[in-house]
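Chain IDs A, B, C and D follow the sequence of writing; residue 1 opens each chain.
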Amino acid sequence: MVEFLQLTLSGIVFGMIYAAIALSLVLIWRGTRLLNFAQGGMAMFTTFVALEIVYKTHSYWLGFVVALAAGLALGAVTELTIIRPTLNKPELNSVIVTIGLLVLLEGLAGILYGGQYRSFPTAFSQSGLHIGKTALGVGRDDVFVALAVLATTLILAVVFRYTSAGLRMRAAAFNATVARLAGIRVARVLTVGWALAGLLGALAGLLVSPSTYLYPDSMDAIFVYGFTAAVLGGLDSPAGSVAGGVILGVGLNYVAGYVGGGRGSDLESIAAMGLLVIVLMLRPAGLFAGAKTRRV
Amino acid sequence: MNSCSRSLLTLGLASLVAVAACSSSSSTPAVGSGGSSGGSSSAALTASAPGITPTTITIGSHQPLTGPAAPGYSEIAPAANAYFQYVNAHGGVYGRKIVYTYHDDGYNPTTTSSVVHELVLQNNVYAIFNGLGTPTHLAVVSFLNSQKVPDVFVASGCQCWGETPSQYPYTFGWQLDYVREGKILGQYVAQHFAGKKIGYFYQNDEFGQDGVKGLDYQIPSSMVVSRQSYVPTNVNIAPQVAALHAAGAQVVVSFSIPAFTALLKLTSLKLGYSPQLVVSNVGSDPTTLAGLLNTFSKGAVNGGSLVNGIITDGYLPSAGDASNSWITLFKMVHDTYVPRLPFDGNVLYGEAAAYTFVSALFKAGRNPSRQDLVNAIQAGLPQGPAIGPYGYSTSSHYGITGAYIGTIANGVITQQGSALVTDTTSSGAISTFSGTEQSAPSDGIPPH
Amino acid sequence: MTDGGITGQALRIDGVTAGYGEVTALDRVTIEAKPASITAVLGANGAGKTTLLRTISGLVRARQGTITLGEDDLTGKTPEGTARSGVAHVPEGHGVIAELTVEENLRLGMLSRPVPRAEKAVRLDEAYQRFTALADRRRKLAATLSGGERQMLVIARALLARPRLLLLDEPSLGLAPRVMAQVLDLVASLSRESGITTVLVEQNAKAALAIADTGVVLNLGRVVATARAGDLAEDVALRHHYLGF
Amino acid sequence: MRRALAGVLITAVVVWVLSVKLSAFRDFQIAEIAAYTTAVAGLTVLTGLSGQISLGHGAFMAVGAYTIALLMLHLNWSFYLVLVLAGLATAGAGAVVGIAAARLSGPYLAGATLMLGIALPSIANAYPGVFGGEQGLPVTLATPGFLGVSFPPTRWQAWLAGAVALVVLLALASLSRGRVGRDWRAVRDDEVAAALAGVNVARARVLAFVISAACAGLAGAMLAVITNLVAPGGYPVTLSITLLTAAVIGGIGTLPGAIWGSIVVVVLQTYITDLATSHGLSPTVGANIPVAAYGAILILVMLVFPQGLQGAIRKLLTGFAGATPLRRNPAPDESPEKEGTHELL
C-alpha cells in the first residue's frame, strides 16, 4: 500500500513533466499544424543556458528566469527564421526542418558544453517528505515541479479562454483565413505561439534536468514520452496534455513496479505503446478529442 | 630527449627512402619479434604491416563521442590519446609515433560496423584498440578476425573477448570482466553481511547480467530479497527503489553506471531509505559521483558525504590516491595534454589501457607484423598499472583477472585488504593475489 | 443601429487582374459601387466571383489594377490590413469557427480595430437584440448552430466591426428558401439603415437582383455587363445566356 | 515503365562498375546505401503516395533482421529462401500495423509508429533467451564458392544489396504506375472522393503499409548481413527518423529520390566526420561538429530545395518549368481554406 502511494506520487511528478512537453507540442500543433521535434532539444539548450548562469551567479532563480526568457526567444526566432519559409511547402518539409534543428542544437550543445553528464540544481530540497512515519517517495522539489507545471497550465488556460489575446490565438489556430479577415495578424500570432511553446519547453527542461542530468541528448526520452502524452490526450486539447502526461507517468510507474518481477523497466516502452494503441483504437484522435473533429 | 627523437625521425625518413628505393620487396622479415631487442642501432624501421610506416603506427577505434553513451565514456579515447602523445614526445615506440584515429559510433552497432570498416579498409589501421561497448564491438569482432586485424583491449567487461581465443584469435579483453567482478564483490557481501537482506540493482544488459551472474555464484539466493533492473534510457527509477525498500533490503548491490548510482542514492533519499551500497567499479568513481550528487542534495547534505561509505572494487589505483606512482604519472600526462577533462576514473582508464598497449607494442618488436602483436600479448604482459595480473595466454584472452575491495572515503577509494584473483567459473576459488603491485617507470614509458 | 459616424464609401475597382499560379481568374475587371449601395455580382461557377471578393479583401493579390475604398488605397494590402481599413469579408460557407462559442465568434468582429470595453458590450447587446436566436445560444459552441443561424452569426460578426464595406459571398448557400429570403432581407435593410456599401455574390441571381442597386455579370473573369439591377433582371437575353433564369 | 527499367539497368551498371573500381570500404558503403535505399523507397511510397506517415520503420527493419538471423541460426536454411521469408514476415507485421493505422490521421499515426519504433526493439532486450538480449545475434553470409576464395566479401554484399534494392525499386515503380498507385494517390488527395470513386480506402491504405513494411524488412535483412549482427542498439528511434529524413531530402514520393536521400544519409556523415578529424579539432568539438553540420544541412536543403534533391534535379533538367509539386494542387475557387494550412503533419 505504501509502495502504491509512492509509485502514484512519483508517477504524477514525472507525468507533469511529460505534460509540460505535451502542452508545448499542443501549442505549436494548434497554431501551425506541425509537430516540433526540436522541442526537447530546445529545452535542453535553454537549460544549459540556465546552468551557465547558475554557475556564474550562484543564483538558481536568475538562471530559471533567464532560461524561460531564452525559451521564449528561441521559440520565436525558430519560427521566424526556419519554420515560416517552409509553411507553404510540402508538409513534411517543416518536420524535417525541426529534426534538423534538433540535431543542430544537440551538436552545438556538444561543442559548447561538452558531452558529459552535468548535474542541475533543484529549486528546493530533494529530501523525502513524510506523513507520520510513511515516506511519500517525493521531495519538496517534486511538489514544486508538479505545482509549477499545473500553475503554468492554468495561467495559459485562463489567458486562452478569457483574454482577447487568447481569442486571437485560438481563432488563428482553428481557422487562419477567418482570423485574418477579422484583422488578426496570424503570422504574428504563430510567432507568439512558438515563443510560448519555447517557454513551456524551457520550463520542462529546468524541472526535469535535476532528475535526468543535463547532456546533449538528455531530453530525447522525455520528449518521446511528452509526445506520447500529447497524442494520448489529443493534440488539440491542452487539458488532454495534462491528463495524458499523468496517465502515462503513473501507468508506467505501475508497470515498472508491479509487472515483470523487478524487470518491469524493460517493459515500459512496450507498455507505453500498448496504452497508446488501445486508446487510439477506441478514440483515434486522443482521449480529449472534441465533439467535432472534422476539418476541411 | 628531444634531439634523440629528432634523430630517430631522421633515421625513419632515411629508411623510408630506402624502402621506396627497394620498391616492391613485400616480404619484409619480421625483425626482433617477441624479444626485447630495444638496442638502438639494430635494424632499420620498415613498413612491416598495414598501418605501420617507418615513422608511424596508425591505430583506430570506435567510441561513443556523441549520443546517449557519450557522457563519461567520451573521455576515454582523448585520455588514451593523451598518453600516446606523451609517448610520441618521448621517443615514440622504437622511434615511431602512434597515430590514434578514433571515430564516433554513437553507441549504435550499425554505425560501429561502418566506421570500423572505414578504419580497416580505407585508413589501413594496424590494429583496433580499445573499441568501446559490448553490443557495438560485437558487430565488428567477426569482421576484424576475418581480416586478421589485432583487436586489442576491448573497452568492455564482456566475457566474449577473453573466453574463446579459438573463435576470435585476434581479439583481447583488458578490463576486469563483470563475472569476476561480481564474484569478488559477492564474496565480500556474503562474508561481511551474513544474515542481512540483500537487494540487487543492475543495468539490464550484459554488464549488469554478467555482474549478477558473478554475484549469484557467491551470494546464497536465500539472502537476495529483490532483484531490480533498469534501462539506461529511462531515468525514472522510483519504482525499482520503492520495490527494494518494500522488500526490506538492507544491502543493495548495484551494477550501474555512475549516473544511475547517483540516481539510486537520490531516490533512496526521497524514500528516507539508506541501505548499505555496494557498487561495481564502473559506477563508483568518486569524482564523478560527488559531482553528480553535489547539486542534488543542495541544502540538505553535501555530495561528497553522500558518496562516503560506498563499498566498491577496483582493478586500477584510485584516481584520488595522490601517493600512487601511477596516479602521479597519469595525472601529469592528463595535466599536460587534456587538462580540460576532469581527472576521473574514465581518464585513468583510457591512459592505463594506452599504457598497456604501448607496452605490448614494445614487446612485439621493432618491425612487427600484426601477428607479432598477437603473439606478444599471448606471451603475457607485465602487470603495469593493474592491480591483478593479466590472464593473457594462448588459451585465454582475458585481461585483468583480479581486484581489491575498497571503501569510498573523502573522494578516494581506500583499499581494504589485499587484491583478490579469480576465474569466471561458478566454482572457481577466489584467492589472495600473491604478487606485488608494480610501480610506474620513472620516465613513464613501459620498460623495453 | 448607431453607426459610430462611419458611413459607406465608394468602392472603385479599376482594371484588376488576379489569379492562382498560371490560372487567371480575373481579367482587367472594372467596377464602381456608390456609397451605401448594394452591388450584386453574378455569373456562372468559375466566373471569378469569389476571386473578386478575395482580391478586394486581400486574400488574393491583384497582379495589376487598383482597388480603392473612399480615399483608402486597398491595393496590395493583406487581409489583416483591409480588415483594419473597414472591409468585412464574409467568406463562402466557412465563416464560422465551429470550435469557438457563439459569443467568441462575435467578439472576433471587434478585434480589427481597438474598441473600448464598454463600447464592446454595447455593440454585443445590439447584436443580440437584432439576432435573438444567437442571444439564447451565446455560450454554446458554434458547431451546434444550424446553417441559417451560422449565416446570421457571420453577418452579425461582420457588422460588429462597423465596416465601411461589406463583402458577402453566397450568404444564401445551402439555406432553405424561407431562410434565404430572411437573410437577403436582412442584407437589404442593413444597407439601407447603416449605409454600408455592400458587394454581394449570389448564385440565386433573381433574389440578389431583387435587393441590389446595381448588377455586375462576370464571365470567365471578365465583366460582360454592368447595369441597374432592375434593368438587368429584365434583360432576357443576358439572363438566359449568363444567369440561367 | 520502360523508363524505370532503363533507369534500373543504368544504375545496376553504375553500381557494378563502382564496386569493381573502388576500394573495399566503398563497396561496404555501396551496400549500406543500397540497403537504405530499399527501406527508404518503401517509406517514400507509403508517405508520398498513400499519404501515411511512419516514424517507426526502423522497427520493420528489425523484424526483417531478426527473422533472417533466427532462421539462419536455428534452421540453417539457405540465405535466399530466408531473405524472401524475412520480406514475408515483415509484410505480415506491416499488415497488423496497417490495419491499426488505417483509422489514424497524421500526427496520431506519427505518435503510434514512433512508439512502435521504440518498443519493438526493446522486446529483444526483454526476451534475451530468444533474441540474444542487448548483444543481439550474429549473422554471417559466406561469399559463394564460384567467385573464388579471394573475392572481396564486401563486393559480394554490395552486389547483393544492390540487386535487392533494384528489384524493389522496379517493383515499386510498376506498382505505383498501375491501378494500385492510382488508388493510393486518390486516397492521399481526398479519402471521401476516392471512396465515392469506388476505391476501397481501407484496403489501399493497409496495402501500402504491407508493401512498405516488406521493403523495410528486406532492407533490415540486408543491413544485418552487411553488419554481421542484429542487436536492438542498431534500431534506435533515430534510424526511423533517418529513413524519413532520407525520403524527404531525396524528394518524397519519388523513387530516384530514395537513392539520393540514402546517399546523403550514408555518405554525408562519414564525409563530415573525416573532414572534422583531419583538421585536428579537439575531440569533443571534433565529434560534435559533424552532428551540428548535419543538422544545419538538413535545414538548408529543405529551405533551398523544398521538393527535395529529386525535385531540384528535375527542375534543372526541365529548365524551371517542369517541377510541379507532388501534393497540393490548389483548386483555386473551390477550396480557399487550404491556403497556408498544414494537414498531414
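Everything below uses one rule, namely that a residue touches a chain if its C-beta (ideal position, glycine included) is under 8 Å from a C-beta of that chain, and two chains touch if they have at least 3 such contacts.
Please read these numbers as outputs of a predicted model, since none were measured by experiment.
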- line: Contacts shared by chain C with chain D include exactly A
Message: What pair of chains is linked by the largest number of C-beta pairs in contact?
response: A-D
- prompt: What whole-Å value do you get for the distance between chain A and chain D if each is reduced to the mean of its CA atoms?
  reply: 30
Task: Would you kindly tell me how far, in whole Å, the mean C-alpha position of chain D lies from that of chain B?
output: 38
Task: List the centre-to-centre spacing of chain A and chain B in whole Å, with centres computed as mean CA coordinates.
output: 39
Statement: Cα centre of chain B to Cα centre of chain C, whole Å, reads 78
Message: Please output the residue numbers of chain B that touch at least 2 other chains, ranges allowed.
response: 65-66, 70, 74, 204, 231
Query: Residues of chain A touching 2+ other chains?
result: 106-107, 110, 115, 175, 177, 216, 220, 263, 266, 296
- prompt: Mind pulling the chain D residues that touch 2 or more other chains?
  reply: 122, 125, 284, 287-288, 290-291, 336-337, 339
- prompt: Within the complex, which stretch of chain B touches chain D?
  reply: 65-66, 70, 74, 77-78, 81, 101, 103-104, 107-110, 113-115, 117-118, 120-122, 134-136, 138-140, 142-143, 146, 158, 160, 204-206, 209, 231
Task: Could you please specify the touching residues of chain A with respect to chain C in the complex?
output: 164, 167-168, 170-171, 174-175, 177-186, 290-292, 296
Statement: Per the touch rule above, chain A residues touching chain B in the complex are 2-3, 6-7, 10-11, 14, 106-107, 110, 115-117, 119-122, 124-128, 130, 135, 137-139, 142, 210-213, 215-217, 220-221, 252-254, 256-257, 261-266, 268
Statement: chain B residues touching chain A in their complex are 65-68, 70-72, 74-75, 204, 226-231, 233-240, 242-243, 245-246, 258-259, 262-263, 266, 269-273, 288, 291-300, 342
Complex contacts: residues of chain A adjacent to chain D: 29, 32-35, 37, 82, 85-97, 99-111, 114-115, 175-177, 216, 220, 224, 227-228, 230-231, 235, 260, 263, 266-267, 269-270, 272-273, 276-277, 280-281, 284-286, 296
